[in-house]
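Since the structure comes first, as structure tokens, the remarks are kept for the end.
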Amino acid sequence: MIRSTHLPLLITIATFLLAFTLCASQYPAMLSTRVVANLLTDNAFLGIAAVGMTFVILSGGIDLSVGSVIAFTGVFLAVILRDTSIHPLVAFVLVLAITISFGAAMGAMIHYLEMPPFIVTLAGMFLARGAAYVLSTDSVPITHEFYDTLQSLYWKAPGGGRFRLTGIIMLLTFLAGIIVAHRTRFGQNVYALGGGLSTARLMGVPLARTTIGIYATSGGLAGLAGIIFSLYTSAGYSLATVGVELDAIAAVVIGGTLLTGGTGFVAGTFFGILIMGLIQTFIVFDGTLSSWWTKIVIGGLLFGFILLQKGLTWATTLRRKPATEFAAQS
Amino acid sequence: MASVTDPVLECRGISKFFPGAIALDAVDLTLYPGEVHALLGENGAGKSTLIKCLTGAYRRDAGTIVLNNQEISPNSTQDSQKLGIGTVYQEVNLLPNLTVAENLFLGRQPMWHGFISQRKMMTMARDLLAEFGLSVNPAEPLSAYSVAVQQVVAIARAVELSGKVLILDEPTASLDRDEVDLIFSVIEKLKARGLAIVFITHFLDQVFEISDRATVLRNGRVVGTRRLADASQTEIVTLMLGRQLEDRIHDRAPPAIGDTLIELTNFGKRGMITPFDLTVRKGEVVGLAGLLGSGRTETAEIIFGAVQADQGDARLEGKKISIRNPREAVTHRFALCPEDRKSDGIVGDLSVRENIILALQARQGWFRPLPKAKVNELAEAYVKALDIRLASLDMPIRLLSGGNQQKALLARWLATNPAFLILDEPTRGIDVGAHAEIIALIEKLREDGMALLVASSELEELVAYSTRVIVLRDRRQVSELTGDDITTSNIVAAIADEPMAEAV
Amino acid sequence: MTAHVHNTLRRITPQLIILAAVLMLNFMVFPDFFRIEFQNGRLFGNLIDVLNRGAPTALLCIGMTLVIATRGIDLSVGAVMAIAGAVAASLAVDGHGWQVALTGALAVGAICGLWNGVLVAVLRIQPIVATLVLMVAGRGIAQLVTEGTILTFLDPGLIHLGAGTILGIPTPILIWIALGLAVTAAVRKTALGMLIEAIGINESSSRLAGINSRVLIISVYLISGVCAALAGVIVAADIKGADANNAGLWLELDAILAVVIGGNSLLGGRFSIIASLLGALIIQSVNSVILLSGMPPEFNLVIKALIIIAILVIQSPTVKHALYILRASAEPQPAEPIKEAKESPQ
Amino acid sequence: TIGFSQIGSESGWRAAETTVTKQEAEKRGIDLKFADAQQKQENQIKAIRSFIAQGVDAILLAPVVATGWDEVLEEAKDAEIPVVLLDRTVDAPDDLYMTAVTSDLVHEGSVAGQWLVDETAGEKCDIVELQGTTGSSPAIDRKKGFEQAISGHDNLNIVRSQTGDFTRSQGKVVMESFLKAVGGENICALYAHNDDMAVGAIQAIKEAGLKPGEDIKIVSIDSVPDIHLAMANGEANATIELTPNMAGPALDALEAYLADGTMPPKWIQTESKLYTLKDDNMAIYEMKKDLGY
């Protein structure tokens, strides 16, 4: 029997498959390996950041700083690789340490100072982007041969699609995220936090450790996403990835996670990412939309997906026990 | 009695201050292994606060705690759990979004190669719940079950956590007799194992049934500790109230039943409650009896429009009406005091005053605010009438003790001067003194011609005030008792699987 | 009555102190900060600029405060500003008077708010996502109206709303103060305020108490839409043109920040519009420090972030609690405020 | 079919470029696939990849930033799809794209600077500068070019420089603060990185009771219609044109290449024409105002 709690996930997957079929029936070229490989490669950094965002949202919080942290990571890497001779791997470790501490610091502020995550991470967003500006306002190219090596790691599928290392890293991140969410105590504590802070406290959930851990995870994954982004563009640019946090949040939500916290799946986010990528691919394939219609259509499709999801959930829960209906509404 | 042995837990001089209130004033409490220790007191006496100080949920302002001869100072509930103190707090404190099994084992899930083993957890959960006579699916989210089931799960979790001390803060409110018996049998087992158990309740029979000693609190102070074998109910009550409880003579005025107020035909909702017919007349108290999950709450909610019925008609004084949502119900002068006061009743951050006038104001509409003077007059009148203990009318209602919150909610609905009052477990968590008051109040309202529908797990109470009792089973009305047929034993018989002749 | 004033004053004390502190910071980087002159028939000075430039955020945060009080959030206000500005401009360009342009813009704002409200209250979509839809699409709609250009207009009546003065005071200042007072009165002199708070604290309880939460929620989004529209008209009038791409860009974040600096909880419940308005002024004063300090623009964000973090830390419950204890320990009787995490009813 | 990856529609100039590109394509009977990237490089990369997957004949790319294109351009090259860059070059080996049709941003800045040098003719002049969006390459290069041109002229000094985000309203706000922080009478000239900010600043200057164009000289870049209107009224002094018609030359080059394989030069530079009060600004305004700015 399917566990009722998995329903939103199944609905997201169904939505994606349905949408892909519809798109492909309009533009058969979308069935190529290129499109599939692009979906993975182009969304790798967003996907990784969204895994962190999923944890944050599951715990009932939000992290607005990810876009800025990605940009900061890129600029930091580019500047450090330009100005010093350290190996990129060392730089990676360094930047991850920075972003993890940055996330942990935000988590600590949220927990110890009892400030709402929205505001703390908003300040974090300003700070990280500000720090990127201070490092360099120019876009700085990265020309280390190690980067070339990493970039040349791909498998060229028949049909021209290139499955790159970055895509694989995203898939691994998702896998790790799923295991952590459902098979570790930390993951359970995240869900517990999302279920209700004071209840979780009374049940003995280590709030400080969990909250700090969550934002450190999100910060660290944003750092990893930044590394992936720097591989993707071979550069660091302080104006890059503006508003990516909103994309990540949208992906998480489309993936069936409730922003109120406590319910949702990391795996759902993966399909949320794919759905968002699909929307964009579809728009480019169409190619007739003006700038403004692009925005309207993205908004409209976002709305459509949410509605579809609502509808499916509604249709499938109608038969279920209504005893919980009232609670679910609030 | 095990008084010769060393105490397991000793509290000395515990004090706790809140702005405007001294919740605990140098309270001592000693627990010996293998004893059930009842903690008694009126609503707002400080019982729950004492528990919270003991388990680290609150920081205490003074006092020491000694566990097994070692001074401890738990800073969080996590600490006290590690020390072997398992607790069920007053309001069900579990996570509705997690599954039953996850709730049971949060923090100490069975691990397998460093990862949680879901399978093992499910089996363990099933075994554990079976001990409490609960055959629910541990993989379902907790929110799928009623408050009563949740309470049992909470108890099971606390029992699992308690190596030395188990604390139960009103665990049996809104449980029916069978559940209570099961829980008592578990308590007996733990007692035999040498645990110390703290038991808070307002049901004195249960106290005498299971407890060895009792400590009584009044206004944050210990007024006495008694061995229950040597004490009488009256003595305990007098300690609690600081006065004698007047014995009310049950001279039930012959029900002066008036005209039909509300008539429901074939009312129901698929998958929730089997369609039923129900007529309530003015000056009548209809009691709803049944086991856990028998559908009492559902009946109440559907009549009030909290859940929308998908079939059936409703007539008010002969006129057809629609009750699609609580707002419509309120305009028909219905009122519902819900079972789950924390999530469906109180508006935690609003002041007591605002909570009391909320429903009245909602009915008046947005643009006709109640004048300040009227608000104060109403609030003060009800605080006095229902004896609500509070520091000030301006304090957020969530800071009131559980029983006082319940009274404030009752006040909210009485303030709307309803024609039809539905009460779902109205005495849940209410102390003996107030309990008697509320029963008296219900009778008075009836005499004044109000129609009432009361769902309760406490059969004595139902017998005391009902003019008619409807018994539910499996979300179906199975029988109706009237007049002299209303006795505890008849209700029990009707609830048990012996369908009576006069089944509806 | 005096008790009421006293309560309000107590509620906004922290905001007043912070505002004073930030203004002093302005004074330190620019000694002439407090000088106000009468020049060209209008008041002229940095303080006036703060009040004037804070107008859009202030207007937004009036509606935002109400939305947040119901435990919602409105990310679309920036986009609604752009739409309203575009509509007003295109009406003005078509030769309609400023009254028509203003009415049209406000009507469009109301429609946008209605849309958000319906999504949240009827379709039960979570507020962030529900308003994200309009945030993304709205700017597109605005550009559709202006066709991507900056639509300039010359109608003096309309321009007056953004750049004009009345009795020497810039019109936007008068508008936001008037609207702030009007909405405050509307919610506090009626039962609306309390009912909105009840919904934000516990919607399920409120519904069971007979409150029409659906209509109330829709109304607060509607008000938010109208406030945003007004802000959009002012911004467009200020530069005599509707800039669909940039008008109100990211201003929703400033508005939310203002509400929080105003001491309102993002978890809904108790609110104070006046405190939010002070929050908006605080943000504008921070912007003013940045502009007056003459630091290179790379440092703008870092400075802003640091000042905001400082403000928030000072305001955080824990620090307040610590201060309280400090003060209380000086007194003989020990007392402690409630330190309990606010819980979200599930 | 040709794919066109545009940055977005963040300014009037950008919108005009899009309009002109569409017109040029239509004129030549080319099927143009348009993708708006909402100012995000990642979206541009996605768009180019999607163009490749669709198998377009050529790609026009207006890159949002100079770096980070190697990988995707290589993919395009692999798929034998020629890429033409519009209005900005990229930091990539030049065999990865066919040609770049751009103006020279640094040069634009220095034209503006040179104009001011000539105009002040050695007289002391304190300048305030309205920068573009922090970190964007026009902001960086136009600042650089301007500073190069005025360096060595000790009479010219930049006293204040702050970002106006390329927008009219920020231009106005920042100019207001300049006027108060420095004092309007102490400012001799304004250099704005684009015309929109200058238009906003003009309003601020007027509200402060000064005469833009006379009390404070104004030079900016882009040559959008509204600045010509201001110049016609004597409220601005000079602007440097950045033509929105980058697509015309680009499409010409592409057509030639697709027809017979003629390789165009690697860089087709558009003219950075200086307009001053001597030109018939009203006529230019009339001509430009329907171009979709």
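A, B, C and D label the chains in the order they appear, each numbered from 1.
The rule we apply is simple: a contact is a pair of C-beta atoms (placed from the backbone, for glycine too) under 8 Å apart; a residue touches a chain by one contact, two chains touch by 3 or more.
All of these numbers come straight from a predicted model, not from anything done at the bench.
Student: Of all chains present, which has the mean Cα position farthest from that of chain B?
Tutor: That would be chain D.
Student: Where's the contact count highest, between which chains?
Tutor: Top of the contact-pair ranking: A-C.
Student: Can you give the whole-Å distance between the Cα centres of chain C and chain D?
Tutor: Roughly 34 Å, centre to centre.
Student: Which integer distance in Å separates the CA centroid of chain B from that of chain C?
Tutor: Those two chain centres are 43 Å apart.
Student: For chain B and chain D, let me know how many angstrom lie between their CA-based centres, rounded off.
Tutor: 71
Student: If you average the Cα atoms of chain A and of chain C to get two centres, how far apart are those centres in Å?
Tutor: 29
Student: Could you check chain C for residues that touch two or more other chains and list them?
Tutor: Only 143, 147-148, 202, 204, 297-298, 300, 342, 345-346 qualify.
Student: Two-or-more-chain contact residues of chain D, please, as numbers and ranges.
Tutor: Residues 9, 15, 18, 134.
Student: Listing for chain A: what residues touch at least two other chains?
Tutor: Correct list: 133, 137, 195-196, 199, 201, 262, 290-292, 294-295, 326-327, 330.
Student: Once you draw an edge for every pair of touching chains, what topology comes out, line, ring, star, complete or other?
Tutor: If you draw each chain as a dot and join those that touch, the picture is no line, ring, star or complete graph.
Student: Got a list of which chains touch which?
Tutor: Once each pair is checked, the touching ones are A-B, A-C, A-D, B-C, C-D.
Student: Mind listing the chain C positions that touch chain A in their complex?
Tutor: Per the touch definition, chain C meets chain A at residues 123-126, 128-130, 132-144, 147-148, 202-204, 244, 253, 256-257, 260, 265-267, 297-306, 308-309, 312-313, 316-319, 340-346.
Student: Quick one: which bits of chain A touch chain B in the complex? Just the residue numbers, please.
Tutor: 3-5, 179, 182-185, 188-189, 191-192, 194-196, 199-206, 262-263, 319-328, 330
Student: If you look only at chain C, which of its residues touch chain B in the complex?
Tutor: 189-192, 194-195, 197-198, 201-202, 204-212, 216, 269-270, 334-339, 342, 345-346
Student: In the complex, go through chain D and note every residue touching chain C.
Tutor: Contacts found on chain D: 9-12, 15-16, 18-19, 131, 134, 160-163, 165-170, 172-174, 176-177, 180-181, 196, 199-200, 203, 207-209, 226, 292-293.
Student: For a test of understanding, state which residues of chain A touch chain D in their complex under the given definition.
Tutor: 27, 29-30, 32, 34-35, 38, 41-42, 45-46, 133, 137-141, 151, 160, 162, 229, 232-243, 277, 280-281, 283-285, 287-292, 294-295
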